[in-house]
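By letter and in written order, the chains are A, B, C, D, E and F; residue numbering begins at 1 in each of them.
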């Protein structure tokens, strides 16, 4: 069930069946010479939308801009500062909690978001901790590639050249969903050196075409489809488990 | 051209042709017994995506959560506080300006966003005003229904029962784009009284099913299609004019 | 009754008769070659002070600095950023609500304030909306020229040359109250073009002497007096109506 | 010269003669059973307005709401939080500095403001210190009773019963300026005990009628006039000295 | 009893005996040619640690970075902005209050901290004042040199050359505690002129070696020991008095 | 070299030899029935202070309060909210960068700090990324247990019962440095279940005595000494490598 394509009475009815909502969250940032700028918010959106066809789960609108300051050296990247990102996650969460959602599952597509999302969770929990009160809801962060079985599948599909940014697995997922937007490019075969993550100009100097150790030309829509189906199934299982978890306080 | 479905080299190339980007912006909030929660971000997204098929314009990712605190009494609504909204618009703008965009056009689908978006623009301009410097970019806000000819078309289509929230025109637009998600409901014929906009519980007390003076059952996908085509054409014209406007300082 | 010229026991007594307070709010900004920098906070102050002579209403201190970043290209303008303005309106409101005021009426003299004041109201309401609680007070914004009958009177007084900034009507009001501070200047007869509101340098380039389409030389103290008397009467009526409005939640 | 009663060309001309501006700053808070709520912003305003009749100095609009959280237990008090106060002082200063003012003199009427105003100054200076740059302007805080000779005069006028809040000296100043608003009350002769400054309810418990060790009935308009004349003269002298002070960096 | 060297069950037990905690707070900033950068946080830490050997009092971890923006022209200085400092004091206090501490005593070693610490207290109290509720805890600020008898002892020890920054008394305290870190330098005998506190570059221009009117060579470890013993005793007395103070609301 | 025990001329001289500074950073939080509340800031401080005896490296004051909201259910824990922590790390960094430090190495003792420290780094880098400028300094985070060889040594020392909070390795380090503060307790042999990190009350419900899967009674001062020596050596090596790293932009 897609929240944005539902009416409020439908959500009111859903809340009598479940208190869990899934929020796809990602980033809009460069993904090398052939990857789509939307890759990181598209991937969790694609998987979650697929999953809700097979289970009575609720998928919220996609949080499509995250923390990608290091990619700002490449045109098209849009980033929130961590402080803004924390505030926004806070308001999404406060809104959902106001309706009675008790389990809010952030389904993430961007590694660079992880630290700030965790900080945002702590910011929300801290209000309760200072007040010595139960928070009343639980927050969970899961990267789509960390769902059960997915990293292994990706390694099987792409035993070499997977890398860590503009990976063939994420690009394959977008190819499956947006086949008309498959791009090609003659990029140099040398793999950009890995290195620290700093400001945008430094990142572009280290990774001139945006890739980090990946060979995105390995991606195919078929492999993307395999990943989507496997991830959607794993997502359903994990969300069921999260929903079933009791509150201790 | 859709930014999220483009690569960074494609955006780099676009910037040699134009410095303008369109950001669809809306809200995810209750739209009465039959309207989709995503109506207000879907409408500008639908229109802008349609427009870019006919012109060399660039449409960014959709800013899908806005200021809808007064709708929080209805399940499914998600709102930013104005202070968060201002910060987020600021970071989107700073990101786009970092790439050299000089005309940033916020194409809005939610009346409740207007005040805060204008405040966000002033927050950004104020940095330059305090420093007695040119800002280097121009910001523009346009509601889709205020594009040339659109309000008149909607009044022609819906001479009675248009109202001001969960209107048949916005619902028609979503019906055209999401025909599988057309909803019906037996709602009471009485039109909710108009009134001030205050906190969520007050709003729900005044408008028990969420509508404000509208009869959304008048919407049809065909009328939606008319609106989309007319608005897309008007958008192309207005964006061209905005792009052509010179900087005075 | 003027709050600032009262003692706390007098306010305590007033609260047994009424829970309504009026806050004149404006801006300190350039008003063309002859208008006073304080015009926009003086006008609502003048009208509200006049009104309280004829009715048992309470007028708070004047909030004299608002959102005028676009006027910062002209010496003497003082502006808050929207984020600061929102915080300050919040604290004024929290203070007044702490005393039991339930209807807080912001009586505005500056069009550039409107968006941010509305955003500030939403910021305050959102706290209650997130908590699913009644706010306990109602906020209202009214521009003095939008009081019943005032725009029509101004159009009658100044059928041509009213314009939208440094208007003869607002200048007439200050001439009536500050007759010793009536200024004249040889300004060029051409009316500055209208245009978008952006940063300070852009605004000054578009409006070299600060006026926007107005001919302030048309102002006279007599016309100002007419406006003040009409507005004061309309204010009393509207405040009575606002005070009488019941809470729904 | 009063900034608010001037035009922008008059301020532009003043800046060719002087780069100094005086900002009266105070608080709107309870002042015991007979003192006006506006006492603390009225006093510096009264003195500064008097002073500018005798010297070519520029007096800005009055910053009338300060840090008075401890007085919130008494109706009519309006307070900013320190964080809001710091932001607002920052924006006033940035505005004035944008016009070329280099010496900004905050002329204060409320002891409770002192700590936060100093913190606000440090916040502004810190931007320059982090950047290893000159700030370009100098800020000065002066309480009106600390001007040369004023404390001594007040002690002479009120050798007993001066106290520290709702003092006869400050009330005398307002009596001189607002003779129609002189209030009387039968307050208990016992002087409230001194004590720490904490939250509003604690303060009211310690000081049931709001006075701190003072006998405000000693005030007379005549004594107020003496204070105003002496303070105005001292203000002119001190501002001249501040204006003459060279920048070292 | 040192909180950081205790276990949580030990603190839980302490709370059954006392609700008071002492937080040494200072700054890390230049202290002239011979003073240690840590002088201002070391002094209250040294004294408080000494005091807890003789009384059942609880000393928390040291808050070692304060408001020292004016010293940033000298290498090694670390400063918080006032807004950050206020936020951090707030979180320390909220944490301690969550455990049931009701008297929180900030024992300060840096004059430049005073204004911001007081502002931070007001920020915390204001939350309660806006809500018309008791705060539930009391905050107290004390500079170590203002403890009973200490200023007099320092004046006796250093009748000339005490000055106001990099004073022989504070340096003596650190010499007593860190005898291996006693530094000497040939500094010019002229005493730097006093002056206003502004940005870092201005401060360094006024005080080229960082001292303000002091002759730190007068310091000896023995005099430091005298100061520590006297201050520790006075601290115990004052903390006992603060602990015994009843709440009025 | 310890910054706090140095004078500013000594730091000025150091900067001619190196632009690198090490900041020990940790947390003050419960560490089970026998661990010291200061464990997490003591460990990096102990190791860094030991390391600077053997190499010409500079160790700043210890940042002793971090993000520990989940431990607030246990008395003695003090935590910053992530937003405060980000602001404070920002000001420490801005201060050090103002002096010319170009490599700032945060040497961490608390796993719960990692996400927020990384967010703080991104907040600082983002300023440069938005401005398309080089940042001018590089930031690095290293947990002491992740230094080369340390995790392996700890696993060798404590092959069973190491766990993840109140571990015998961290407690051993504090025992070596604070032998007078070694605590014992009869704690239940059952190992607390692992689980998610949420608000304070939830955490205490899951981990009743504060430990997470550890048997801290295995700690000995001797093993602590081994860890300190090994970590100090590894720290020196890594800091040298970080210092030598060239800037690319």
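Observations on the model:
As a working rule, contacts are C-beta pairs under 8 Å (C-beta built on N, C-alpha and C of every residue); 3 or more make two chains touch, one makes a residue touch a chain.
All of these numbers come straight from a predicted model, not from anything done at the bench.
Residues touching across the chain C and chain D pair largely coincide in numbering: over half of the numbers involved belong to both copies.
Most remote from chain F, judged by the distance between CA-atom centroids, is C. Ranked by how far their CA centres sit from the centre of chain E, the chains are topped by B.
With centres defined as mean CA coordinates, chain E is found 29 Å away from chain D. Centre-to-centre spacing of chain B and chain E amounts to 54 Å, using the average Cα coordinate of each chain.
A straight line joining the Cα centres of chain A and chain C is 47 Å long. Looking at chain E, residues 72, 79, 81, 83, 95, 98, 129-130, 132, 200 sit in touch with two or more other chains. Each chain pair that touches appears in this list: A-B, A-C, A-E, A-F, B-C, B-D, B-F, C-D, C-E, D-E, D-F, E-F.
On the chain E side of its complex with chain D, the touching residues are 67, 69-70, 72-73, 79, 81-83, 86, 112, 114-116, 118-120, 122-123, 125-126, 128-130, 132-135, 138-140, 196, 198-202, 205-206, 247-249.
Those residues of chain A that touch chain B in the shared complex are 3-12, 15, 28, 30-38, 41-42, 60-65, 72, 74-81, 83-84, 87-88, 90-92, 95-96, 98-100, 178, 181, 183, 185, 200, 210. On the side of chain E, the complex with chain C involves touching residues 129-132. Residues 91, 94-95, 97-98 of chain F are the ones that touch chain D when the two sit in their complex.
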